[in-house]
Each structure stands twice: as C-alpha cells, then as structure tokens.
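Going by the order they are written in, the chains are A, B, C and D; count residues from 1 in each one.
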Amino acid sequence: MVKYSFKDDYSEGCHPSILEKLLKTTYEQQDGYGDDKYSREAKKLIKEQINNQNADIHFVSGGTQANLLTISSALRSHESVISAKTGHIHTHEAGAIEATGHKINEVLSKDGKLRTEDIEAVLAEHNTVPHMVKPKMVYISDSTEVGTVYRKNELEELFDFCKARGMYLFLDGARLGSALCAENNDLILPDLPLLTDVFYIGGTKNGALLGEAIVINNNRLKTDFSFHMKQRGALLSKGRVLGVQFLELLKNDLFFDLAKHANSMAKRIVKVLRENGYAFLTDSTSNQIFPILPDRIINKLKSKYEFYIWEKIDKENSVIRIVTSWATKEEIVDEFISDIVGDS
Amino acid sequence: MVKYSFKDDYSEGCHPSILEKLLKTTYEQQDGYGDDKYSREAKKLIKEQINNQNADIHFVSGGTQANLLTISSALRSHESVISAKTGHIHTHEAGAIEATGHKINEVLSKDGKLRTEDIEAVLAEHNTVPHMVKPKMVYISDSTEVGTVYRKNELEELFDFCKARGMYLFLDGARLGSALCAENNDLILPDLPLLTDVFYIGGTKNGALLGEAIVINNNRLKTDFSFHMKQRGALLSKGRVLGVQFLELLKNDLFFDLAKHANSMAKRIVKVLRENGYAFLTDSTSNQIFPILPDRIINKLKSKYEFYIWEKIDKENSVIRIVTSWATKEEIVDEFISDIVGDS
Amino acid sequence: MVKYSFKDDYSEGCHPSILEKLLKTTYEQQDGYGDDKYSREAKKLIKEQINNQNADIHFVSGGTQANLLTISSALRSHESVISAKTGHIHTHEAGAIEATGHKINEVLSKDGKLRTEDIEAVLAEHNTVPHMVKPKMVYISDSTEVGTVYRKNELEELFDFCKARGMYLFLDGARLGSALCAENNDLILPDLPLLTDVFYIGGTKNGALLGEAIVINNNRLKTDFSFHMKQRGALLSKGRVLGVQFLELLKNDLFFDLAKHANSMAKRIVKVLRENGYAFLTDSTSNQIFPILPDRIINKLKSKYEFYIWEKIDKENSVIRIVTSWATKEEIVDEFISDIVGDS
Amino acid sequence: MVKYSFKDDYSEGCHPSILEKLLKTTYEQQDGYGDDKYSREAKKLIKEQINNQNADIHFVSGGTQANLLTISSALRSHESVISAKTGHIHTHEAGAIEATGHKINEVLSKDGKLRTEDIEAVLAEHNTVPHMVKPKMVYISDSTEVGTVYRKNELEELFDFCKARGMYLFLDGARLGSALCAENNDLILPDLPLLTDVFYIGGTKNGALLGEAIVINNNRLKTDFSFHMKQRGALLSKGRVLGVQFLELLKNDLFFDLAKHANSMAKRIVKVLRENGYAFLTDSTSNQIFPILPDRIINKLKSKYEFYIWEKIDKENSVIRIVTSWATKEEIVDEFISDIVGDS
C-alpha cells in the first residue's frame, strides 16, 4: 500500500494549467535567459499586483537558490545576515550562505519570528570593530518554518528598525501564498515592496513545478543582479519555463486559490484536534501544522501516512509536522482526522 | 515580422512527450529531491545505456550549475582546472568557477579541443611549488563551443595522460547528443565512463525543458556530492521534473533522434555553402556551424533571421554562428540556404 | 598619565633575545618562505619537544591566519566545524572561517570548553542528509577564551570521540603556553600530537613579536598545506622572522618561563581577591581572569588601568577581564590588587 | 661553500635600525591592531610624503595579503580584475585572488606593463551581459615583475581611462622603492594618490623585515577595510611591528637610500654586460634584471651564485633573473660581473 504523504507541499507535480500552457507553446521560439514573452508578461503582472512599477523581478528555480543569490549579491564579505535558529538558511541549506562567504547570526525564537529586540541584541553583541562581522541584513520567512505568519505591524516595526540601523530586510516567501491566505494575516502583496528591501513569491511550494519570483525593491540591491544569477547557475536557458508558470499562477488568482486550499486543509485538522483536546507546538495558521500527539497514535498513523516526527515532548508524546498542499485531498484529510480522533 | 532564430538550441520549449508525461503524472505523490520513481528509473536507464552500474547519476537544471558543482566538489582550493580559452566555464559563466574559489588555466586552441601537449605545457609552467596553483582537472566539451567533436583516440590519449599525471578529466556534455551523432564521431555512450572521471549528458540543448545528467565514474568524486548540490541551490524539490525528462528522452532513443535532426539541419547548410565556395571558421560536424560570409549577405540575412556575428574576418567578411536545434524546421533551413546562395 | 594595561597579552613587543638574534643575523642571506636555517632548526626542535618526528610544522604570523588556514585546508565546502559560542573563530575573527566557505556549528558552554555530549548533540541534530552541513571538525582552545584549561582525560575523551565519529580535532593554542603552565594542567607537549589532529603553539601572546607554529599530526591534513599558506597570504617571504622567534623561545625553555610569569601574575590577583571574598566568572588558572567587582571599584580602577568590562552581573557588579603577560610588572600587579582590596 | 644569492630581494633580514628601534621600545605598552603610537606616526608620515591627508593607510605583512585584501574588499563577486600575464596575482599567488571569488582577466604583455588598448580589448570582449564577468579593476605593478617601470604619462593615461570606464586602478608597489628610484622614472610619491585608486608601498623587498603599506585614495574603497584585514588574517595583534618599520624606513629617506643601492647594483651589472655585447630580455631599470647569457657561462655561475633561470632562448642561451637588494655587496657584484665578462 502506498502511504499518503503529509511530508511536504512539493510531493505532487504542478497545477495542470501550467503544463497545458507549456505544451501549447512549446514549439514557439522565444529568447533565452528570461527575455521571453512569458517572463516579460509575468514580470509586468507581478509589478501590477504588488503595485510597484520600480521593482526588479527575477525568476529562479528554487528557494535555496533565491536565498543564496539574494544574500550574496547584497552583502560584502564582512557583512552577516541575522536569522532565527529555525530559519531555512541557517539549518536546511547545507551551508549555502556560508559557502558564499557570509556568517549567519543566530537568534533563538520560539515561534520562528524575529522581533526588533532580537536584532537589537545581536547588534549590541557585535561591538568590537573590526573583530566581529557586521550584521547588515535581517532574514525572515513568511510563513515561518514553524507555520506562523507575520502581522503587518510586526513587519512595519522590523522594517523601520532595519532602516534606522542601515540594514536590509529580506523576506523569504517560499510559502508566501499560504501566509497571505492565513486567517490571521493582514498583509497584502502591495505591502511587501513598502516593508521589505527584497522578498520572493514562492511557486514551488504552491502549485508550480519549480520557481520563485525574487522582487527587489531597494535600488541598491538591483545593480548587476543578473550577473550573480548567471554566476550561481540560476539563470535558466529556457526562462519561459519560469515565466509561463508565474503567468498562469497569477493571472486569475490561481496562486491564492491554491494557497487557500492548502490552508483550509490544515485548518480542518487543527480545528478538530483542538476540539479534541490536542495541543500544538506553535500557533500555525498556515499549511504547516505541528500537533502534539501520543506516540501510540503516531505509530498507528505511520502505517498509513508519511510525515516527519519533529521532536519528542515527553515519554509518551511527540510533535509531528503535517504539511498540506494545493493538491491535498479533502477526503484523505478527513480520514486522517478520524484516524486520530476516533482513536483518542 | 518575427524573425526565425538560429541563435541557439534553446529557443523552443521541449519535446511534447515530456510535457505530456509530466501532465499525466502531475497529481501523483512522489518523494522530493530526486528520490521520486521517475528519477530512479531514469538513473537506472542511464546506467544501462552507459554500461556502468557503478556510476553515480545526479540531475541538475543547467550547464553552469553542472560545471560549478562538478569542479568545486572535486577540487581543493589550491587546485585549478585547465580549459580551452573558448571553454564555456572560462568565458560564458560570469566567473562561476572562480566564485567557488578556483583558478582556470587557459589554453589557446583553434578548434576548441585540448590535446595532451596543451596540458603538458600548463603543467610545465606550474613548477614553482607552492607559489602557483596546482592544475588538477582538465575540462573539455564535446561537442566543443566551436562545433568540433572529439575522436575516441583523442579522448583516450587525454584520459591516459590525466591518469598518468594524477588529474581528473571532466567532459562537459551540454551538447553531447549532437557530438555523439556527428558524422565523424566514433564515440558511444559506454565509452564515456571508461574515458572520463565525470561527464554529463545535456538535456536543455537537446529537447528537454531543462536538465543535465551528471555521471560520476571516479569513486573519489562521488562522496557527498548531493551535499554540494543542496549547498549550491541545485537540488530541486520536485526532482521528478528532471527524472521524467531524462526518462522520456532516453527510453526510445528520442535523445539521439532529436540530436540527429539538429545535426542534419546544420549539415544541410554546410554542404550547400561549401559547394558554393564558402569557408567555415571550424570543421564543425555538430549543430553549431560558423560560416564566413560577406557582410553584405549577413546584413540581408539579419532582416529575416536571428543569429550571432562571431567575429570580423576582414573588411568585407565576417563569421556568423548558426545553431540548429531538435525543432529547427527543414523548410526554413532551405529558405535560409537559398537566401545566401541565391544571392552570391 | 599613561594607564597600565591589563587589556591583553600583546601590548608589549617581544622578549629582547629575539630581537637581538634577529639583529645579529640580519645580514646573513637565507632562503625565503620558511626554508631558512632558523626555521628548519626551529621545526627540528619542536619535533623533539613534542616527541613526534612525523609532524609537519608551519609558521604563520597570527592566530586568525592559523585558524582559517587549518580549517579551510582540511574541510570540503559542505563540511562544518563545531565551536563553543565563546570560540575565537566564532565571534572574534570577523567571519574569517565563513569567508572561506564553512559554517561554524555553535555550542553553548559556560566554561568555554567542549565535551563529547556537546558534539554528540550537534551530530544528532544534523540528521537530514544532504540538507544540512556535515560537522567534520571540532575546534577547541587551550587555554580557552575564558581562561580555563583542558585536563588530559578531557582531551582524551574528545579525541577518542572524534576518531570514532570520523572527525578531526583541532586545538587552537594561541595561549597554549599559559595552558601548559597552569597549576591544574596535566598535559605536556608530547601529549598533543597523540590527542589532536592538528594544533598550534602560540608565540604572539607569549613573548614573540608575531608567530604561531602549526603542528599537523594527521597525515590527511598535511598534503599541500603550503599551497594554502601561499594562497591565503600567510607565507612570509622572510620566513626567518618566524623561525628565529620559535628557536629563541623554545631552545632554553624561555617559552615556558614567560608563560609561568604571566600565570603567576594572574594567580596572585586571583588569590588575594578570593581571600577578600570576590567571585570570578570562571575558574581560570591561566593568564586571563574574570573577577566580579562592584561597579564603584571598577570605575576607580579605570582611571589607572586599562582592561575590558566583560559583562554586567547585576545592578551594582560587573565582570572585568584582566590579562597578564610575559612582561607584566609585579609591582604594578601588587598596586592593582591593593587598589581593589584596599577599597573594599 | 655557501653561494651568494641573487635569487631575490628578501634573502637578508632587515636594516638594523628597524631592529634597534624595536628592541629599544619592546617593553613599552602599546595598543594592538595598528592603534599603537608608531603605526599612527608612520601613517601620518606617509600622508605627508604622499601629500594626501585624506588617504587611508593600512599596514599588512606581505604582498599576496595586500593584493587579495585590496581586490576582494573592492569587488563584488561578478567583478573581475585585469592583469598582465606576468602579473604577480595571476601566476605567483597560488590562486589567492580566485580563492576570494574573483576572476583575473589575462593580458599578454612583453614588458609586463598594461596599456589602455589592452584594457579596451578586454572590455570589448566582455560584451555579453550577464554571461561574462564584469572587469572592474586594473592591476599593475611598478616596478613590474620583469623589471620595467611606468612613466608618469603612462600612468595618467591608464588612470584617465579607468575613470572614464568606471574602473579602479590598483598599483602593486611591492617594489615601488626600486621603481621610484629608477633612472628613467619620473613619478614621485605625491603623484600616486592622484593617479591610482589604491596602491601600496612595499617594505618587505626594500629593507623591512616584513610589511606593506596600503594607501587607499578612493573613498569608495575605504569603507570597512579593516574588517577585511581581520577576516583575512592580516590584522597583526602587535601592529607596532609594522608601524616601527615604516617609521624607520620613511623618516630619513632610508627607504629611498636602500632602493637606490639595490638599483645601482643592478645597473652596474647591466652597464658592463651591455658594453660586452650581452642583451637583456627587458629594458629593466630596477633591481630585477634579465640578462641573456650562454648556457656555458650560466652553468659556471651556478657554482658560485644562486639565481633563477628564467627561460631558454635558443639551444645555447638562456635568460636568467638577477635580483639585487638593499644589502647586496658591491664587491660581490664586481666579482659576479667579472665571472661573466672575464669568461666571454
């Protein structure tokens, strides 16, 4: 029996409309390296939807690439980037940032979010010029790696603080769709150019085959970015692959529809589990949730479903990570819930 | 009027069968990061076709990525790689190799190929230990950046020399399909594991949407390669995108059929132009050809076709680069020929 | 009035015998880059004193250089180094290790020392191959950055653990002289080749003008080390500068005599302060001590002495760092003590 | 018998006055990391002698360090540096520049000097944005690695060209003393801040124990330079070592006196050899000369002297490199000349 996977949001391929469009246009000749018609149109569309005609948009194939490119092209070698301990760049990118020569300053954060006092503390610690690195960028993820989302005022505070201290704010949006569709979210796309120096819109984890759209708002970070893309192996010859995807995702709100579906599947699980007395590691409102379950139940679930065991809580309970996607099936979610609740 | 492009072999999308397969399987759940069923099957198929069960196969999205990964994971920081001046890594990758910390030792070569005496000369020059880098890898391309291909005995000599001198031989196969289908080629896929330490099979320039299959033959280069893929942003979450493509390309010789088509289109142009007295910069037998034409004709061609002007030869003549692809249309090739020859 | 400095152990120049020897031999012609007679003799002497004829010895000008060279020449780019949070490489080298492409895995440690359970925990955390770095080296300092020293059994446990787990153990000996002369030390020079893969003997902080002697015990770390020295700008043309220093320091136990003096000056302060009821941040037995003093006294001391305020303890007390050196004057130490105790 | 060495200009120690001063002041307490009184005074003196109060001065221990620091702190990773093939950074620094992530664009030059047309040609070649690196800095040496020196108008042309093209001009002055004292030189120290963005004054090869004084004239290159010094292991704890040296060398023209001596020793050889019909590889007027001699004579010389054989000219003649220094003995020069001429 094949198990149903709640391991991640990239177990399925992509929304069929993307492949249909790629198929329909496959014999068209287009310029390479992102100068194709579809990439140009997708960039135009993004500028409209974020309400910033001055943004520079670049499409790359994945999150690690987006992160290493953005950080390494922005910083000089003595400048560092501040990240939560749970931040993707700090733990799950095999040292990608350090391989480009930059230190990551770690901040402990229970909910995966950074606050101005965290950054202030790092800056205060780095007071021995020139013996220590110079923290110059703040890296945050929305939604975070533990499922939480930023409120508009939180982002405003962070951005104001960064500006006051001469730092860049970089928002990793690998799961931005899910964040913007979360029930407690009050951010909209047009807020992001006003509240970050650079961010990206994640396609891979929200229904694309591959692709992230990097949006550079700060002029200082725009210069020669495409050289860095080429240098890091991130400039696809057939840029249309990425252009077509973002065009399809964004033109009729498909991007948001897919994110809403993923969120609603997660929310359904959260609701019933809470009603049945289960606690969660974090207050996630996105498509990654972290229920705390008896090991006995977890073991039973493992025979039918795939998911990660996040950490042990005590002798008899553990946290698991459940990730829903744009393609998660409602009926299996219900079955999954009943496999837990029916067994409590 | 839209011009027809002979600029490169990645102006079209990909062979439709690839997209059809991706579409058909899009709702299937598959493991990420290359552990999906399609990647596993594609790797199995490649091992059979190259006749080497011990090879390690890794799929990445493009040539620059394949090059920087292979070189940086193989070398220590004081070790360098020898390349022809025309080598892709030396001139057209925005310093990708140097950005990973390695020097490229340049060799002048009229036909884009390296010979043992070229490498010998570099080694002889690097005699001041430890003041100079230590050349440790030889990088060649087949077909080369100027359209030529390696003969089996040439590759044997290079490989024997490299082994005798403790060096790695790395073959960039971004256009390997075209090389193996060239009329004067006498290499077959099973030769490559025996005559290189590592090589790759290029998909992007031969009918794939994106993708290169790196084949590591030397055990010393296998260790922890996937860490480097992750670190350089080359490990796609949805590895199936690459697996499906190589499976489709390789399962019924589609890969070779596409390469043959591209070559035959180029050959047709070469034949008629030679018959009409035109010379070429190199003796290309692959899908990249470099005819020398009067500027008067070039200017006329430019109104209907896109292509690169490679270099001026004299006051009245220049070399242009014409690239045919898996999807180049026969009737347009004929029209292109007639636009030159009819006008001579 | 010029204040007396307890800020560090490099405020004075160097032991006069070194300069006298350099002066006496200055017109001699010697080979460059460490092949001079003095460097050769110094290396011979070190091999005798550490009782390891197979060691490779290299002289470099400072600690950051020794650290970045040793780590970057030993590791591949996906491999990381584990360090205490207080480790010099982690906080006080401006990102030197990361600039060579390597991540540092941080361990919290109250006394600046690492234990096997710390390393075990880092390894356990790094279980998601190939998404996380691969910890491959353990970096420790003896004496540590907070003045503590390793016991022989502690080093044995660490080294055995590293060997069992395929890791390298690297001991930063910038203050090794002070460590080996500490009252609770039970290590001797000949222990170090048996209990580390690589370590260095610090000259700069123990009476030399500049210079650290890197001792490589593990054969795997020896290959081509000098290329890396040249590449990182660490290969002095006039290697004699370093050779003469280590020869002078080591030939008649001057190295240990200087360290003992520094330690005894620190111990004198510790003793009286403890007798007078003062506590210390750490149980330092080396030449760096961290007394906790009332801010009122600290403020008074600041008018006569230079030292670092390490951290606030509470509203009325802070920790200061006092460093004694090979040249610290006894009478000023007594005056310093009396300025504290007389005022309590 | 010990042979007399003409291999290089760093075979002797340093001018005794430096060591005497270091000895005299060795027990003084001074601030570390270049904030000592001697470094401050030396910087003040240099600013006066170059007639530029706005320059930033930094002392480092050697030429490779000065080069890698200056280049890596100035360039972003996609920016490259243009150098003559003979340039020290390109051939004799074990890949130091590439190890910091930057490509070197090679220019062939018979006399070791760069001209605007050389740079123009490199820029013209680099026309495929963003596929090629972006040449951003020009690296020259004065005197060059083959003994020639720049005329003021040559430097003016280069600098004007660089400014017009948005590039930095960096002058490696490892042998600047010899260059400025060459008979055909018309540059003076105050010219250099006006005609370069950054340069350095070499101590190591002109009578110092170790040390180069980097002079940054362009404000854009000044920011945070000391962080990079620390990060690359170039910030000596006992900065006084470097400060004292430059103070001694520069305060009474000792620096120029030493360079003049070295040059005059070389000139004496050149004069007599030319009179006796010998040719030279280059028109060197500095302390490195490249006479072409019969192999028969070279073999005889080898029994009494040390020097490098540069290259074979034909079956019977070779070029050798003879380097004179601040300490080269007049009587041995005469003996050397007579060993050649007497034997012709």
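In this section, a residue touches a chain if its C-beta (ideal position, glycine included) is under 8 Å from a C-beta of that chain, and two chains touch if they have at least 3 such contacts.
Note that this is a predicted model, so its numbers are computed, not measured.
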Labels of chains that are neighbours to subunit A and to subunit C: B, D
Interface residue identity across copies subunit C, subunit D - same or different by half: same
Longest centre-to-centre distance from subunit A, chain (CA-based): D
Distance from subunit C to subunit B - Cα centre to Cα centre, in angstrom: 50
Length of the line joining the C-alpha centres of subunit A and subunit B, rounded to whole Å: 34
Junction residues of subunit D - those touching two or more other chains: 77-78, 93-95, 99-101, 130-131, 133, 227-228, 230-231, 235
Residue ranges of subunit A in contact with subunit C within the complex: 77-78, 80, 91-95, 98-104, 106, 128, 130-133
Residues of subunit B touching subunit C in the complex: 72-73, 76-78, 100-101, 129-131, 133-134, 224, 226-231, 235
Residues on subunit D engaged by subunit C in the complex (per definition of touch): 2, 4-5, 7-8, 10-16, 19-20, 22-23, 25-32, 60-69, 93-96, 99, 204-205, 209-210, 227-228, 230-238, 240-241, 327
